[in-house]
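So the structure is just underneath, and the comments pick up after that.
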Amino acid sequence: MKALIQYISTILQGLLTLVKGMAVTGHYFFRPKLITTQQYPENRQTLKMFDRFRGEVIMPHDENNHHKCTGCGICEMNCPNGSIEIITKMIETPEGKKKKVIDKHIYHLGMCTLCNLCVKACPTGAIVMGQKFEHAVWDRTQLTKVLNQPGSELMKDVKE
Amino acid sequence: MSNNLQDKIETQEYIVNMGPQHPSTHGVLRLMVNLEGEIVKNVDPVVGYIHSGIEKMTESLAYPQIIHLTDRMDYLSAHMNNEAVALCIENALQVEVSDRVKVIRTLMAELQRLASHQLWWCVMGMDMGALTTFFYGLRDREMILDIFEETCGARLTLNYSTPGGVMFDLHPNFQKRVKEFTKYFRKVLPEYNQLLTGNVIFKERTVGLGPLSKEDAIAYGVTGPTGRASGFACDVRKHNPYSAYDRVQFNEILRTDGDTFGRYQARIDEMYESLNIIDQLIDNIPEGDYQAKMKGVIKLPEGEFYQRVETARGELGVYILSDGKKNPYRVKFRSPVFSNLWVLNHLIKGQKIADLVAVMSTLDLVIPDIDR
Amino acid sequence: MAFDIYDFTTLTSSIHQSLSESLPPLAVEMIEWTLVGLSMLIFVALFGLILVYLERKVCALFQQRLGPMRVGKWGLLQTIADFVKLLMKELITPNRADKFLYNLAPFIVIIVTFMAIAAIPFAKGLQALDFDIGVFYVSAISSLGVIGILLAGWASNNKYSLIGAMRSGAQIISYELSVGLTLITMIIFAGTMQISGIVDAQASGWFIFRGHIPAIIAFIIFLIAGTAETNRGPFDLAEAESELTAGFHTEYSGIKFAFFFLAEYVNLFIVSAMATVLFLGGWQPLHFGSFEGFNQVMDFIPPIFWFFGKVMFIIYMIMWFKWTFPRLRVDQILTLEWKYLLPVNLFNILLMTLIVLMGWHF
Amino acid sequence: MSQDELISRLSQLTEEVTVSMGPQYVTCQVAPTHLHQFCKKLKEEKDLAFDYLISLTGVDMPEYMTTVYHLESTTYRHMIVVKSNTANRTEPTLPSVCDIWPTALWHERESHDLLGLVYENNPDQRRLFLEDGWGFPLRKDYSDPTRIVER
């Protein structure tokens, strides 16, 4: 008799736990407002990343097409993956002195791990992390970018 | 005639190749499973499909650069990995970091542990066939990832610890968000229990399955919640406190059953403990610098340094052998999953295929941590 | 052509009459069979598509997701797009598969489901086959599907498939017993095996109310065993995605895979329809004793809506099971059947017999 | 046991061991011939009880190959480092400790795979990550011009 009661109670208890589980899923079934998923490409306009989001390395230019990069190469040294290459050139300043300036700041997004070490190490704050996160391209070569815009110059008040 | 036929029939070993592409191995792990009907006779894990040679790469990198590679070992406890290397370097250089850094690191580590355990929970449910758990777990994990993203700029590969501090100061919203999260998560965790822990089918499938004794856990070096469920007191946070773990009160979750359900319950309990730790620290984050003054080029003194931290999966050891240059001479990561994996064969012999999946998910394998 | 939404016999008999006026009896027979077959085919295809869409939406809501939203409004055309995709896919046959059996298996599965659907009464007079052993016919036919699954698993020459097929075999053979016993329980109560007769007997009240305790027990067991019969929910061992990748249909692609997929959903419909017929009164509206006003309102709703409403409710329950519970292990499935469902079932038959003998029912 | 006590206790254990204080932990240098015996004692002596092998690291010093064992006692919570060198680089052989600590089986296998160290009496000395015939990438003289880019 005892075994029979135990047998029936195991069945009932088992059914009870099942009903409890169903209560949780049922709770959410009837509350479609709690849905947390987003429809990504549709909500592109409203989608805003956090201000520290590390999407890619960019070099901000002001309205006169001036940047802050002196071409010192510290970011290149700090990069663990070799995704930054600095090509410098010598120009002559109006005073007649020879000066080393940046020719091309080459950035391989395909090799970048977005570790933030270059941005942290940059003494002049010339490069920052961008917010863009949609990096898919058709061709791998498009991932290699030149960060300084053509014809851009060093800002006046940046110390070397 | 019939005798003749019986002699002709050959019985072959039934070897099923689970992986490297298989829904329940959670990565490129390959298991050669020797079956007899449904019964597993032997499991031979084959690893190396995602070996990235981190230990070799570190030998040509400067110390701050090593840290971002460790994100990619156990990507679910990225912060703890970063912290381990940072602590090891600080230890070697005798740099004292500020209290603020210590507390920030502890908070981040506990959030990371929660995120990792949430992912483990939902994947465990999915392996057992309850697909809904997967979405509930991810839903809650998203909140932690948002906190990470706001402060560190990344969701998975944080690279937040640096030698001597952290990469950024805490975001002004950090405290508010974490408090929101802990309040919400304390409400949701009982739901987890209602949905999966108490379920009679789940209990039937896990209780008493694949028991691991304390002696075996120590002998096989099984650490983390997996080892603690067997009674192996291996919580590095408790026994060799680092960062701010010496100033918080928390219990080391120790269980005696050591079966699949014990390992499951140990992780659920650890989530509560992590919430406790966060609650103790979140309101009193001391002021201070978030980055100690470090030299431009970090060179470790000659010698060997070892640092142990507790990741979400167990004990991570970082062994750095330095010859005084700016690159380490040899770095070894004693990764928790590497040691935990090999106990699988010991646990699963004589059980069924479905049990293999259940046991594997309570070992909580992250494959890049095995391969490194 | 007379059409009455409350009684389809007028429609069918008017078609029969108009055909008989101009054609010999044999041709009439042929044309009628073709018409019935075609309408069944269209029904199965359409209902399968709707069920797949519903399943995706229902499971999305359980999981706090949106589900398909892209193709058409709220993703309504998603399953049609999927179907077109499946039609266009290449049919791959594994190298060392048993070609004949491999190709035969999906057809067995789909034909069996078609055969079973013939006996389902959708509304008054809307039933293709009305044997005097209708219940027996449905239970006999629905157990044939496992042959297709076994053949598929064996012929694929895939280790996962074979394990899945073997599991499926063991499972269906066991649960056939439970389904059969619950059917017997209700046959004892109804006193007939003719499906239309069972439905008619429930005009004064559904069996689940009239049969009280034993009928409710039988209903719960039928739900559990029926879920197992359809290889769904916590009993989807034959597919067991996290263990056996896709189980018995791992190697199938394109339209052959679609047959298995469709058969699963049509089986789901058949089980739900049988539960409706046996417990929830088929197409009979809900009546409460002497509430005349209420009963008249209920009568106003056409029987076909009653039938599909009840079927959808049971399908929803089975989906709810699937998206909540973890999967059982193979030995636990057998334990559940032989240690719990079978004894309870046998006891339940005794109880039902007693109740019918003593007239303790409503 | 404090670290000083550990040093004196370990020095008494056998004669073939040089015990010194490392940067963090007590370090024991043992010759390969005595390694197995020494490790067995470490585990079996009641007051030492080093039952937990945390980590096993193979290191390629240019002149010799080393294996570093990090050990902990789960009862007393003291830690030591054991090292053993072998000068033979073509076939560096050390005794296996996998019968003492089963976890060593796979750590030794990893070390064998990446450094070419051979552990005697280890039953499973297959390659772990790499294919047969691959070099030993963690050795300092390993070169792979196609896959390694020098900076």
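As written, the chains take the letters A, B, C and D, and residue 1 is the first residue of each chain.
One rule holds in what follows: contacts are C-beta pairs under 8 Å (C-beta built on N, C-alpha and C of every residue); 3 or more make two chains touch, one makes a residue touch a chain.
Since the structure is predicted, the reported quantities are computational estimates derived from the model, not experimental observations.
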A-C or A-B - the one linked by more C-beta pairs in contact: A-B
Whole-Å gap between the CA centroids of subunit B and subunit D: 25
Centre-of-Cα separation between subunit C and subunit A, whole angstrom: 51
Subunit C and subunit D, separation of their C-alpha mean positions in angstrom: 64
Touching two or more other chains - residues of subunit D: 151
Numbers and ranges of subunit A residues touching at least 2 other chains: 18, 21, 24-25, 36
Per-residue overlap in subunit C, given as positions that touch at least 2 other chains: 62-65, 323-325
Every chain pair meeting the contact rule: A-B, A-C, B-C, B-D
Residue ranges of subunit A in contact with subunit C within the complex: 11, 18, 21-22, 24-26, 28-29, 32, 34-37, 39
Residues on subunit B engaged by subunit D in the complex (per definition of touch): 47-48, 51, 53, 55-56, 60, 91-92, 218-221, 232-234, 239, 303-306, 308, 315, 317, 319, 321, 329-330, 332, 334, 338-339, 341-342, 371
Residues of subunit C that touch subunit A when the two form their complex: 58, 61-66, 69, 320-321, 323-325, 340, 344
Partner subunit C, residues of subunit B touching it in the complex: 14, 16, 22-24, 35, 38, 125-132, 134-136, 139, 195-196, 199, 201-202, 204-205, 352-357
Subunit C to subunit B touching residues, read off their complex: 59, 62-65, 159-160, 163, 167, 234, 236-237, 240-245, 323-332
